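So, here's a batch of structures to check.
The same subunit A turns up in both complexes below, where it pairs with subunit B and then with subunit C.
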Partner chain A sequence: MADPKMINLTIEGRAVSVPAGTSILEAAKTAGVLIPHYCYHPGLPVAGVCRMCLVEVEKAPKLAPSCATAVADGQVVHVHSPKALEARKGVLEMLLINHPLDCPICDQAGECELQDYTYQEGRAEGRLREGKRFNPVEDFGGDVMYVANRCILCTRCVRFMDDVAQDAALNVSERGDRALIGKFEGKDLTHPWAGNVIDLCPVGALLSKDSLNKVRAWEVDRTASVCPGCSQGCNMIVETRDNLVVRLRPRANEEVNHFFMCDQGRLDYRWMNRQDRVEYPMVRRGDALAVTEWEGAVAEAAALLKGKRAFVLASPGLPNEALFLLSRLVKKTGGAGAFRVRQGDEAPLPGVNDLARRADLAPNGRGAELFGLARANAPLAGLQAGDVLVVADEELAGLDAPDVARAGAIVVIGTTLPAWARHAATVVLPITNVVEEEGTFTNLRGRVQRFRQARSGPGFSRPSWAVAADLLAALGESANYLLASEVFDALAAAHSEFAGMSYEALGLKGALVAGAGTGAVA
Partner chain B sequence: MGYPHKPHDREMPVLSKYFGDAGAISLDGWKQRGGYAALRKALGMAPTEITAIVKESGLRGRGGAGFPTGVKWSFMKLDDGKPHYLCCNADESEPGTFKDREIMRWTPHALIEGCAIGAYAIGAETCYVYIRGEFTEPIARMEAALREAYAAGILGPNAMGSGKTVNVYVHRGAGAYICGEETALMNSIEGRRGNPRIKPPFPAVAGVFGMPTTINNVETLAAVPHILNNGADWYRKIGRADNPKSTGTKLFSVCGNVQRPGNYEVPLGFPFKDFLYDLCGGPLPGRRFKAIIPGGISVPIQTVDEAEASFMDYEGFVEHGTMLGSGGVIVIDDHQNLVKQIARAARFFAHESCAQCTQCREGTGWTTRILERIVAGDGTSEDLDTLLEIADNMTGKTICVLSDSCAVPVVTGIGKFRGDFEALIKTKATVMVPAVV
Partner chain C sequence: MAIGVKVLDRPVAQTSYIRATLKGMALTAKHLLSPQKVTTQYPEQKKPLSPRWRGTHRMLTTEDGKAKCVACGLCPSICPANCIKLVPGEDEQGNRYPLVFEIDEFRCIFCGYCQEVCPEEAIHLGRHYENSEYSRQGFVYDLERLMAQTHPVCELWDPADPKGE
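Take a look at the complex of A and B:
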C-alpha cells in the first residue's frame, strides 16, 4: 500500500504532520495535546455528540468538533483559545445540570472524566436553581449496573454493543433531557465481552457489580500485566489494594486486544488472592511433609533427580522463563516434558480483527511448545517407570492413577498443596503465581508479552523461574540468574525464535517470535 | 387562496389554486386541470435540462433554509453508478406551518408529479415522501393518489410509457419534530432513531442508505411542474423587481391573533404590512399586534415595527432581523403573555430534542425550567443573563439547529421585549404552569 498523503497543520502553535483523514483530536494527541472529550473513543465509530471536543479552527465560521473534523493542510487549530474554552465550559455546565454531585459515593470518582475536566476547565459553581431529573438505578444484566442519573449520554456503550460486540442490546431511550440508556426488549448485557462498557463509560453511570463500592480509584496500585485466562493474551492492568488484587482492566494494545478484555478474564481474579497457599518448602518425612529450608529442599529434589530421567508435567500458565528452564532440566536428565491445556468455548469479539476468548484456557501453550514440551490430552503417557515426575504448577487430579504410579518420585513445584500432593509429593517447592512474579507469555499468534509483579507472594515462595534455576544449578548446570530478565536473555540466546528479544525491547506491547506467521496455533 | 377563506384579490394562487376544490384530488380531476403535462414533458427531456430550467427559475427551498433547488439537484453526480434517492420532506413539523398539509390534502397529484420530475432530474428511480404520522388525512390522500398513479402507469417501471423507472413511496413518520431535519429524516426512513447525522458527508454524497440523496420540501417540489409548464422566465419574474434572489410564489400559513388565519399564497417580496392588515384582516377588534414570528417558531421574533417594514422574501425578512423560514406566520397580540409564549416554545424544543448533543439535550430543558419559573413568578434578575448565556452555548455548537432554534425566541424575546420579562420578575405575577412532563 502506498503511503497515505501527509497533512501539515498547526495545533496549539505546534507543527503536526499526520496522514490525511486523521481527526484533529487524534492529530492533537501526536502533538501532546489532549482535547477533552467524552463520546469519542478510538475503538468506536465517531458519534460527535458530546460536543466537548470543540476547538477553534482559524477561518472556520463555527467551532469544530475535533473528533469528527478531518485535518486539512494549513489548518491552524486552537484548543485552549478563549472561545473554545468558553464553549467547553458551557458543555461541562450543561452536563452537570442533571448529573448528581454524588462523587463521594460514586465508584468512578478519581477516574471520572467529568470530574477531571470539570476541575480542569469547568465553572466553580453551577447556576441551576431547579431540581435535577431523576431516574432509578437499573440492572443491565451481566456484571453491569446502570446509574441513569450519572449518565451523560455519550453513547459509547451503545456503539460498543452495536458495532464492536455486534449484539445490539442498548439504545438511547426517550428524548431531550429525559433521555437515558435503555435495554432492548428481552436483552441483557450477557455478551461475553459486554463488561467493556464499564471501562468505556467516562462517568459513573455503568458500574461493575463485582467491584461495586469496593475500592476508591486513588487507593489502588496499578500494574501492567497480561491476562492469564486464555491464549489470546489480552493486555491488562492489575489493580491491587493492600496487596490484594481487586480489579482487572484491559490495557490497550492494538496488536492484541485493542482496548478490550472479555468478562471471564476480567472477573477471574479471586484465585490470585488465594489464602490457602503453600508457603514453605517441604520434604517428605514418613507419612508427613515437613517444612524445611530452601537449600535443603532443592538439594533433596536434586538428589532425587540424580541419574534419573525427569518427566516434567508443566502448566501452560507458567511464564516462558520457567518453561525454558524446565525444558533444560528435561534435556539435562534426558527426560521428557508434556503439558495439557484446559478447553473452553471460543467467544469472539466480532468488531475487532482476530480477537476472541480462545478455547485454550491458558496463556502460554505456544511458549510451552516452542520449548519442546509436548502438548497432549494424556500427558503422562510418556512417563517411564522410575522417572522423577516434576509437576510444575499443574494438577494430577484427573490423570490416570496407573500413569502416576509409574513415577519413582514426585517433585511438586506449585502454589498450593492439594490432597494428592500432600500424599504423593516427595519434595514440595512453593512458587509465586502470575501476579506475584514477573515474566513473559507467548500468545497463540506468537506474541511475546511481559507481565509485571503486582503483589508480593506468600511466605517463602519464590518465582517459578527462580525455583527451576535453583534446581538446575543443584544438578550442576550453569543457571545463576538473579532476575527474570537474565533468564529471558539466556532464553533468547538459546532459542532462535526469540533471537534479539530482551525485556527492554519487548516494552509494553510485546514482539512476535520469528516465524510467528507460520507457527502452529497452540 | 386563503383557504378556508375566499381568496383575496392580491393573492397569486399557483400552488393553492385548487385548495378547497374536491374535484382536484382524484387523478381524473387533476388531469382535467392540466395535471401530469409537466411530467410527460420532463420525461422527454434530459435530466440536466430540467435541472438547468429549475436553476434558471430561481426556485429556492421552501422548507426553511432557502437553498437554490437547481443547485442542490446539480450536486447529484448522474454518472456515478450508484442508486440515487429523492426524499420529499413532508414532515412539516415546524410549529405554525401547515401549508404542505393543504398541498397534500387538496392536490396530492401535484406533489406526486413534482416528486417524479425531481427524481428523474437527479437520476433517482425512487422517491420517498416522508409524511409526519399526525397527518392522517394527507397520508390517506397521498396513498390513494399513488395507487391511482401506479394503476394509470404514471409511476412504476415504465413511467408514462417513457421506459423510465420512477417509484414514489409514502413513508409515515411517527411524529417527531426532529425528523423534519433532513439527516434525521434519512435515519428515520432507514428505520433508525431519527437523530441528525454529522455533516459531512452531505446527503448528495452519502444520504439515505449511504447513497447520494436529495431532500426537498413539499412546496418546493410542487412548484416544479408549474415551472416546467410555464417556463423559468415566468417564474423568475414573480417577486420583487429589485430582488432577483427570491422568485416565485410562497405559501404562508397564518395563525394566532389575526382576523383571518389560514393559508395565503403571495408572490415573494409581498409587503408584510399589507399581508397582515389587508389579507389577514389585521388584529382582532380592540387589540394590537405585539410580536410577529414570520417563519415558524424557529425564526427570530419581530416587533410590529420590524414586521411592518419587511418584504416577504428571503432577503426582506433578513433585513429586518428574522428569516423567511417555512412561512409559518405566528401573530401574537397585546393580550398575550409573551414570556409564557416563549416558555411554551422552549418546552416544545425541550420535548423534541433528540438528546444527542449536550447543549441541546440539557440546554433546552434548562431554558424551559427557568422560563417556566419566571412565568410562575419566581424569577430573578440574574435569570435573564443566565438565559442569554445558555442560549449562547446552544447556538452554533451542535450537529443540527434545533438547539439554535430554541435559543432564538429566548434571545430575541429578551432582546426586543425585555420589559415583559422584567415586569414578571418585578411583580412576581403568578401564572399557572403545568408540571414538567
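Take a look at the complex of A and C:
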C-alpha cells in the first residue's frame, strides 16, 4: 500500500503532519494536546454525541466536533480559545444538570473524566435550582452494575456491545432528559468480553461489582504486565494496594488486544494474593520436610541431579527466562522436558482482528515449545526409571501414579506446597508467581512481551529464573545471573528465534520472534 | 605569682543590701494588701479555648444516629501522619460507609487537614484537651468512640475573620 497523503495543519500554534482522514482529535494527540472528549474512543466507531470535543477551526462558520472532523490542509485549530472554552463549559454544565455529584461515594472518583474536565474547564458552581432526575441502580448482569444517575449518555458501552462484541445487549432507552442506558428484553451483559464497558465508561455509571467500594483510584500502584490467563497474552495493568493485587485492567497494545481484556482474565486475580504459599526452601529429613536455607537446599537438589537424568515437568505459565534455564538443565543432564496445557473454551471478540480468549489456558506454551520442551497430554510418558523429576510450578495431581513412581527423586520448584508434594518431594524450592517477578512470555503468535513485578514475594521465595540459575550453577554450569534481563540476554544469544532482542528493545509492546509469521499456531 | 585584682572602692550606699531588701519587702507587702490572682484553679476552673482549637477527633452523626462518613477515602489520603485507617464497605441499604474507621491519636499531629478535606463534614477535630488512657492502644479511637464524643468541634477558621486577617 502506498503511503497515505500527509496533511499539514496547525493545532494550538504547533505544526502537525498526519495522514489524510485523521480526526482533529487524534492529530492533536500527536501534538501533545488532549482535547476533552467523552463519546470518542479510539477503539470504537465515532458517534459525535457528547459535544465535549468542540474546537475552533479558523474560517469555519461554527465550532467543529474534533472527533468527527477530518483534518484538512492549512487548517488552524484553536483548542483553548475563549470561544471553544465557553462552548465546552456550557456542555459540561448541561452534562452536570442531572449528575448527582456524589464523587465521595463514587468508585470512579480519581479516574473520572467528568471530574477531571469539570475541574479543568467547568463552572465552579452550578446554577441549577430545580431538582435532579433520579433513577435506581440497575444490575446489568455479568460483573457490571449501572448507576443511571451518573450516566452522561456517551453511548460508548452501547457501541462496544453493538460493534465490537457484536452482541447487541444495550440501548438508549427513553428520550430527551429521561434517556438512560437500558438492556434489551431478555439480554444481559454475559458476553465473555462485556466487562470492557466498565473501562470504557468515562464516568462512574458502569461499575465493576467485583471491585465495588473496595479501592480508590489514587491509592493503587500500577504495574505494566501481561495477562497469564491464556496464550493470547493480553497486555494488562496490575493494580496493587498494600502489596495485594486488587484489580486488573487492560493496557492498550494495537498488536495484541487493542484496548480490551476478557472478563475471565480481568477477574482471575485472587490466586495472585494466595496466602498459603511455601515461603522457605525445604529438604526431606526422614518422613517430614525440614525448613532449611537456600544454599543447603540448592546443594541438596544438585547432589540429587549429579549423574542422573533430569526430567523437567515445567508449567507453561513460567516466563521464558525460567524455561530457558530449565531447558539448559535438561541438556546438561541429558534428560528430557515436557509440559501440558490446560484447555478451555475459545471466546473470540468479533470486532477485533485475531483477538480471543484462547483454548490454551497458559501464557507461555509457545515459549516452552521454542525451548525444546515437549507438549503432551501425558507429559510423564518419557520419564525413565531413576530419573530425577523436577516439577517446576506444575501439579502432579491428575497424572498417572505409576508414571510418577518411576521417578528416583522429586525436586519441587513451586509457589505452593500441595498435598502430594508434602510426602513425595525430596527438595522444595519456593518461587515467586507472575506478579512477583519480572520476565517475558511468548504468546501464541510469537510475540515476546515483558511483564514487571507488581508486589513482593512471600518469605524467602525467589524468582523462578533465579532458582533455576542457582541449580545450574550448582551443577557446574556458568549461570551467574543477577537480573532477569541478563538471563534474557543469554537466551537471545543462545536461541536464534530471539536474536537481537533485549528488555529495552521489547519495551511495552513486545516484539515478534523470528519466523513468527510462518510458524503461527492455528 | 599572685594575680593583681583591682579592688574598687565604692560608697556604702551602693554596696549595702539593706536598701534593696527593704525595697523587695515593700513590693511583697503591696501584693499582700492588693492581691493579683494569676493562677487558674484547674480543674474547677478552665480557661476558654479558641474556636479554632484542634484537639482529639469527633465523628458527627446524622439524625438517625449513623456516622456521616461515606468512606470516600480523602482523609487517609491527605493525612500527613498516616494515622487514619479506613476500610470502606456497604450497609444493608447499599450505601457506602466505613467498615473500619480508626484514628491513632498518638500519631496524629492535629493539623486539621482531615476536617478540611471531608466532603460530608463528618470528621472534625475537637475543642478538647483532656485525654488520658491506661494503654497506648486506648488512643486508637474507633468509629464507635469517635461518634460517642460530645465535646464541641473545631472551627477551622474564625467565623468573624475567615481569612485570618
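The definition used in the following text is that the second predicted complex is superposed on the first by the 520 of 522 C-alpha atoms of A that agree within 3 Å, B and C clash if a C-alpha of one lies under 4 Å from a C-alpha of the other, contacts with A are read in each partner's own complex, and residues count from 1 in each chain.
Assume a residue touches a chain if its C-beta (ideal position, glycine included) is under 8 Å from a C-beta of that chain, and two chains touch if they have at least 3 such contacts.
The structure presented is a predicted model; accordingly, all values stated were derived computationally and were not measured.
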Subunit A as common anchor, with subunit B and subunit C clashing or fitting | fit
In the superposition, subunit B vs subunit C on subunit A residues touched | B
Of the partners subunit B and subunit C, which touch A:Ala109 in the superposed model: first, second, both, neither?
-> second
For A:Gly372, is the partner it touches subunit B (first), subunit C (second), both, or none of the two (neither)?
-> neither
Touch check for A:Gly344: first (subunit B), second (subunit C), both, or neither?
-> neither
After lining up the shared chain so the two structures overlap, which partner does A:Ala68 touch, if you call subunit B first and subunit C second: first, second, both or neither?
-> first
How many degrees apart are subunit B and subunit C as seen from subunit A, counting from C-alpha centres and rounding to the nearest 10?
-> 90
Could you look at A:Ile97 and tell me whether it touches subunit B, subunit C, both or neither (first, second, both, neither)?
-> first
With the two complexes superposed on chain A, say which partner A:Leu212 touches: subunit B (first), subunit C (second), both, or neither.
-> second
Smallest separation in angstrom, by C-alpha atoms, between subunit B and subunit C in the superposition | 26
The subunit A residues in contact with subunit B across the complex are 46-52, 54, 62-63, 65, 68, 87, 90-91, 93-95, 97-98, 127-130, 133, 152-153, 155, 171-172, 174-179
Over in the complex, which subunit A residues touch subunit C? Could you list them?
-> 103-105, 109, 137, 212-214, 216, 218-219
Over in the complex, which subunit C residues touch subunit A? Could you list them?
-> 70-74, 77, 88-90, 94-96, 119-120
For subunit B, which residues are in contact with subunit A within the complex?
-> 176, 193, 198, 350-359, 361-366, 369-370, 373, 382, 386, 389-390, 392-393, 396-399
